[in-house]
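Labels run A, B, C and D following the written order; every chain starts at residue 1.
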Amino acid sequence: MARKLSMRQAINEALDQEMARDPTVFIMGEDIAGGQGGQGELDAWGGPLGVTKGLYHKHPGRVLDTPLSESAFVGAAIGAAACGMRPVAELMFLDFMGVCFDQIFNQAAKFKYMFGGKAETPVVVRAMVGAGFRAAAQHSQMLTPIFTHIPGLKVVCPSNAYDAKGLLIQSIRDNDPVIFCEHKNLYGVETEVPEESYAIPFAEANVVRDGDDATIVTYGLMVHRAMDAADALAKKGIECDVIDLRTLSPIDWDTVLDSVERTGRLVCVDEANPRCSIASDVSAKVAQDAFKSLKAGIGMVTAPHTPVPFSPALEDIYIPSAAQISEAVQRTMGK
Amino acid sequence: MAKNPFPLSKEKLLDAYRTMRTIREFEERLHTEFAKGEIPGFVHLYAGEEAAGTGIMMHLTDKDRIASTHRGHGHCIAKGVDVKSMMAEIFGKAAGACRGKGGSMHIADLSKGMMGANGILGAGAPLACGAGLAAKYRGDGGVGISFVGDGASNQGTFLESLNLAAVWNLPVIFVVENNGYAESTHRDYAVAVDSYVDRAAGFGLPGVTVDGTDFFAVYETAGEVIKRAREGGGPSLLECKMVRFYGHFEGDQQLYRGKGELEDIRANRDCIKLFASRIVEAGVVTPKELEKIDREAAQLIEEAAAFAKSAPPPAPAELLTDVYVSY
Amino acid sequence: MLKAVGGKTRPPRVGIIANPVSARDIRRVIANATSLQITDRANIILRVLACLKACGVEEVVMMPESGGVRYHVMRGVERSKNRGEEEFPNITYLNMLVTGSAADSVLAAQLMREDEVSAIVVLGGDGTHRAVVTGCGGTPIAGISTGTNNAFPDHREPTITGLAVGLSVTGRIPADIALAPNKKLIVAVNDVEEIALVDVAFVTERYIGARALWRTETFRELFVTFADPEVIGMSAIAGLLEPVSRREPCGLHVELAGEGAAAVSLNVPIAPGMMRQIDVASWRRFLPGEIAQPKIEAGSVALDGEREVSFSEQDKVTIRIAEHAFYTVDVSACMRYAAMNGLMRTSVTQQPEVWTV
Amino acid sequence: MTEKRIVPIVMPKWGLSMKEGKLTSWLVSPGAEIKPGDSILEIETDKIAGSFEAPDGGVLRRAVGEVDVVYPVKALIGVIADPSVPDSEIDEYVSGYVTPPAEDEGEAQADAPQFVDVDGGKLRYSMKGEGAEKVILIHGFGGDLVTWMFNIDGIAESATAYALDLPGHGQSSKKIADPSVAGLARTVVSFMESLGIEKAHLVGHSLGGAIAMEVARSAPARVKSMTLVAPAGLGPEINIDYINGFVAANSRRDLKDLLGKLFADQSLVSRQMMDEVLKYKRLDGVVPALRSLADGFAPGGKQKDILSASLNARIPTLVIWGKEDQILPVAHAANAKGAQVEILEGAGHMPHMEKASKVTALIKDQIARAS
């Protein structure tokens, strides 16, 4: 039987294997080991959700706990990358990019271009994304669209453990800066993961379900909601292609367009807020390039244009649901 | 010739002079070309501050990295970036150091350890920490140097970097080029505690203030702080008190200057004149030797300007290249 | 010879010269030396100001500088005024161009002398005090140690210095008690004279650079006005050989030894926390009236621990010592006098005897 | 005796991890006459889609399974019987059929692939059956032991079947010490030694066929018979574009047309099959391993090791080839002097998958003859 790992374990294994493979790889972040300077255990946390647990003792000197100082350490990771290292910086929550965004979008993203192609910045910034953790407005956002907007950055958001390992390894080996978004509600979800190292190329969407009636394009946690919706729709005789984009920049337009040209119907599902989102981006692309194939208006299912609320009663209706997706698909079918 | 009393050989003294003269010629040329409307955008000139960049950079090799500021031409030249390609870059030409995609504020040459001028004030400090971290991780004895102006030293990035460098004991030197003005605002207004040594002390780093117009003061002090960092002695801060001959950017009328201030600094605090008179009076070099360098520097800049002006602009296809290594 | 400290015609005024960049040199890096924060310097001034005001000094004139001290002092004064307090005297700043160099202190001292201030409170180390003495003429100074090598100024709480100055300039302490005379060294390089308050060292380095002295292999010869084993720096060498007090009518001349020629080898704190072995060939008392010449033909003269002037074989260099060269407020004597004479008493039920020191 | 007269069609177990499968279409209607090996329905699992071939002949009497419904392994999907069997008996059989419980973990463990260290690294293999005769199934370039999933159970009914992952393939070590055909043959011999297999019937597909021939040439005492399925090594020609394309392919798009070339019926290439190939190809070391192999056996686009001359009568040899093979020319079969040759209609380069029942039956016959 093939081995199963949770996404948390898969990410840990990817970091472990890449550090073992390449001495220029090291990881840094707030509390990625934890317990520094205290009188208790080192590696007390292994990251706030235990993703990096165990790496500190396994790779001495290569798991660097940082001060709570995102600008400085994310910038230092970027600077080290420009000097030939391959650092993986953990930003904990992607929401914290507010305090270090300059380093990401004005420095890392721009070096290659503004230095006339003569710089490479192979840095990975890992961060948790997404709602559903009762973590309220500043620890729950799906800010993937903001990074996707910026030329020079690559944006990755896996939906399962297998993809997480392969995409993280690719991110580390990639020579461009990568924002690696980990949905915190997927950490515990298990899939089969090979023990060996492997890299999943960017810009290759995963078609996780085939169907000829409609195309659902999504990524991250929403892949699971879309699959639930597609299962429910199948019982009503509606078969959907479900496309997991996996990487948002670069993005696999061909898979999306091929599918829509076949199905003629598109529903974009995005946990981000609706304006200038991945959903609106995909919608615009399809409307431009595959308009003649469309048999119905494009559907979009996203979070509302609000911050993420705290109360479970509100957060649960903030996150797009399988029912909403299912309804949106049926609307495109004229039902 | 008298016995050389300086801590540098005659050859090195002449090198220092040549670097400073080249920077001065470069900046003065930009000043006139800008006034003629030949240069797109805007430029920030390093004239008057040459001794600091030169005195520090003479201790560095290509494996040492610097993160520069918006006022980065002098740092580039002192770090060994090709002057012609710099000039072409500032004119926005394909032959530019960054193929015309960066301009004055983004000249970089990583092969020379020049991690880029930077249009974002204070942004270089974390990058220099990264360079120091890489050097420390590799154990190659390299250092990272962060240049920051007195104005940008108020940025959180700079202060966070002081802390990070101290916590990780990084081989990083924070050089505060204190020319007294953050754009048009005097540091007395904008810096609550107008002492960078105090700031360093607040983070547990040793800080030193030197007269940035005195090449030898900068050279000797920089030598000590860089040696300390290379040997694992950790980060430090070097404040160079200096003067800016031109405005914040070209076109700045400098109405904020006190009466006679500019005339005074040009007459009495010109670091190149001070350096030249010191080495001539000591009898180590002759005025003729310096004049020859003056002519060569002028010639070099003349050639660079002619090259830059006649060079073709980037092809339209260049718009779309160099965004990613692969995409 | 001694003027009364308090001006007769005008109300007493006190000058303050605070060097914002003392304790900022390379010894922070090479020797873990103190770097007194600007805010602490400003707070010292505020404490001194409060004491001066308490003693009845209404006017203080200060040296402007661009190192940040002024802004903190003025903020402190403004905050006090906002709260309705009358804690501080009126403060004016000298009208002078700030260069950010030691010349500022020299000029400020000259201007204060011309302005006939009664005393100048100096915040700095040995270098700052030397600059002030270069310009202050007969105006007495009161030193507060905020430098690196503080052999000259006393180490004490500045509040007390402020009180002693306040009491003396308001005429409550006789000048012959309040003031003490000091020696100085005078070095002439050709026609240009420089002074030193504590020590003159001749070193082989022939450039100024970072100024501080720490490379002992370059040390050759040393002259001191006093030799105190309780201080650090060049004068510590003399102090550990043969103590000479500030009041004795002579200094000490020490010749350092070349390779293998030492009469005495000493372990000396030549900078903060920096112990070095110093090989001494000989030493002797250096008397007023003597004119000495350095043994080395080319090198630099370090005044009070900082390389200031370099000289070559063509230059003529001489050195001599002068007594009664300038005056300092003798804080210990002042405070003892104040106590003995009840100067700080506010209700008088028992008249003390009048004491003299 | 009804049991013999009534042949159940049940959800097959394809591959090791299969627990259920979806019936995607019936290719025949009830009442149709069926020959053994006819494709009668299509099934999709989470790994692969394929057509299911009739295990026996007769008339399709009942199509119990509904299209687009997922059934557990061994669930009854249809019934084949002679026309003479009365409907009542059939209905009784259908209503009385009980799906056997899924294999428990212990059984699954027994089935699970194992690993063995041999000269040339760690090899994964699976072993099925308990027969005295030993059969070793050697996959082709880019394949793995799973490519025998339609055949191994049948072979294991009368023999002990071993299917291995060659070095650089499947879950075996990705480092290939010697990527030549001779080197791989030595690995197979070492595999036999490690497992204490003195003599075996070798079944090799494509590159695996060439390896089998090289084992027979260099260690004839170890080989009882050979079944060569679309083997390499019988002539210089090879579709080198396929080989190079397979080595270079990095995405599903790259693979789709490429994998189609393996089959006569290109619709057999499912998304799942491509995903499985991609998962394998993404593993560190696989691409360099495949490159070195390709350079080893087909340098410059021509096969290097031509082993037809080494075939001899002492080792009975069966050659099976799909008539529509686009990778290795079926004409090469003529070079196998002295061998029995079976050319299969409607099959491409993967006859053991496309015509699985037929190929399984041929292999079993060959083993029986040579034992």
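Operating definition for what follows: a contact is a pair of C-beta atoms (placed from the backbone, for glycine too) under 8 Å apart; a residue touches a chain by one contact, two chains touch by 3 or more.
Quantities reported herein were computed from a predicted structural model and do not represent experimental measurements.
The minimum number of touch steps separating chain C from chain D is 3. With every chain reduced to the mean of its CA atoms, the largest distance from chain A is reached by C.
A simple rule picks the central chain: find each chain's mean C-alpha point, then take the one closest to the mean of all protein C-alpha atoms, which gives A. Looking at A-D alongside B-C, one finds more C-beta pairs in contact between the chains of B-C. If you average the Cα atoms of chain B and of chain D, the two centres end up 69 Å apart. Taking each chain's centre as the mean of its C-alpha atoms, chain A lies 38 Å from chain D.
We define each chain's centre as the mean of its Cα atoms; on that basis chain B and chain C are separated by 37 Å. One finds 65 Å separating the Cα centroids of chain A and chain C. Listed for chain A are no residues, as none touches two or more other chains.
Touching two or more other chains at once is no residue of chain C.
Shared interface positions of chain B, defined as residues touching 2 or more other chains, are absent.
Viewed as a contact network, the protein chains form an open path, each link joining two chains that touch. Contact annotation for chain pairs lists A-B, A-D, B-C, with touch applied as defined.
Against chain B, in their complex, chain C makes its touches with residues 20-21, 24-26, 28-30, 32, 35, 37-39, 66-68, 70-72, 97, 99-101, 205-211, 298, 310, 312. For chain B in complex with chain C, the residues that touch the partner chain are 2-3, 5-7, 180, 187-188, 191, 193-195, 197-198, 200-201, 206-211, 214, 216-217, 219-221, 224-225, 228, 236, 239, 241, 258, 260, 264, 268, 282-283. Residues 16-17, 68, 108, 112, 171, 174, 250-253, 271, 275, 279, 282-285 of chain D touch chain A in their complex.
The part of chain B that touches chain A in the complex is made up of residues 65, 67, 89, 96-102, 106, 108-111, 115-116, 118-120, 123, 125-131, 133-135, 137, 144, 156-157, 160-161, 163-164, 167-168, 321-327.
Listing the residues of chain A that touch chain D in their complex gives 1-2, 21, 162, 166, 194, 196-201, 204, 206-207, 210, 234, 254-255.
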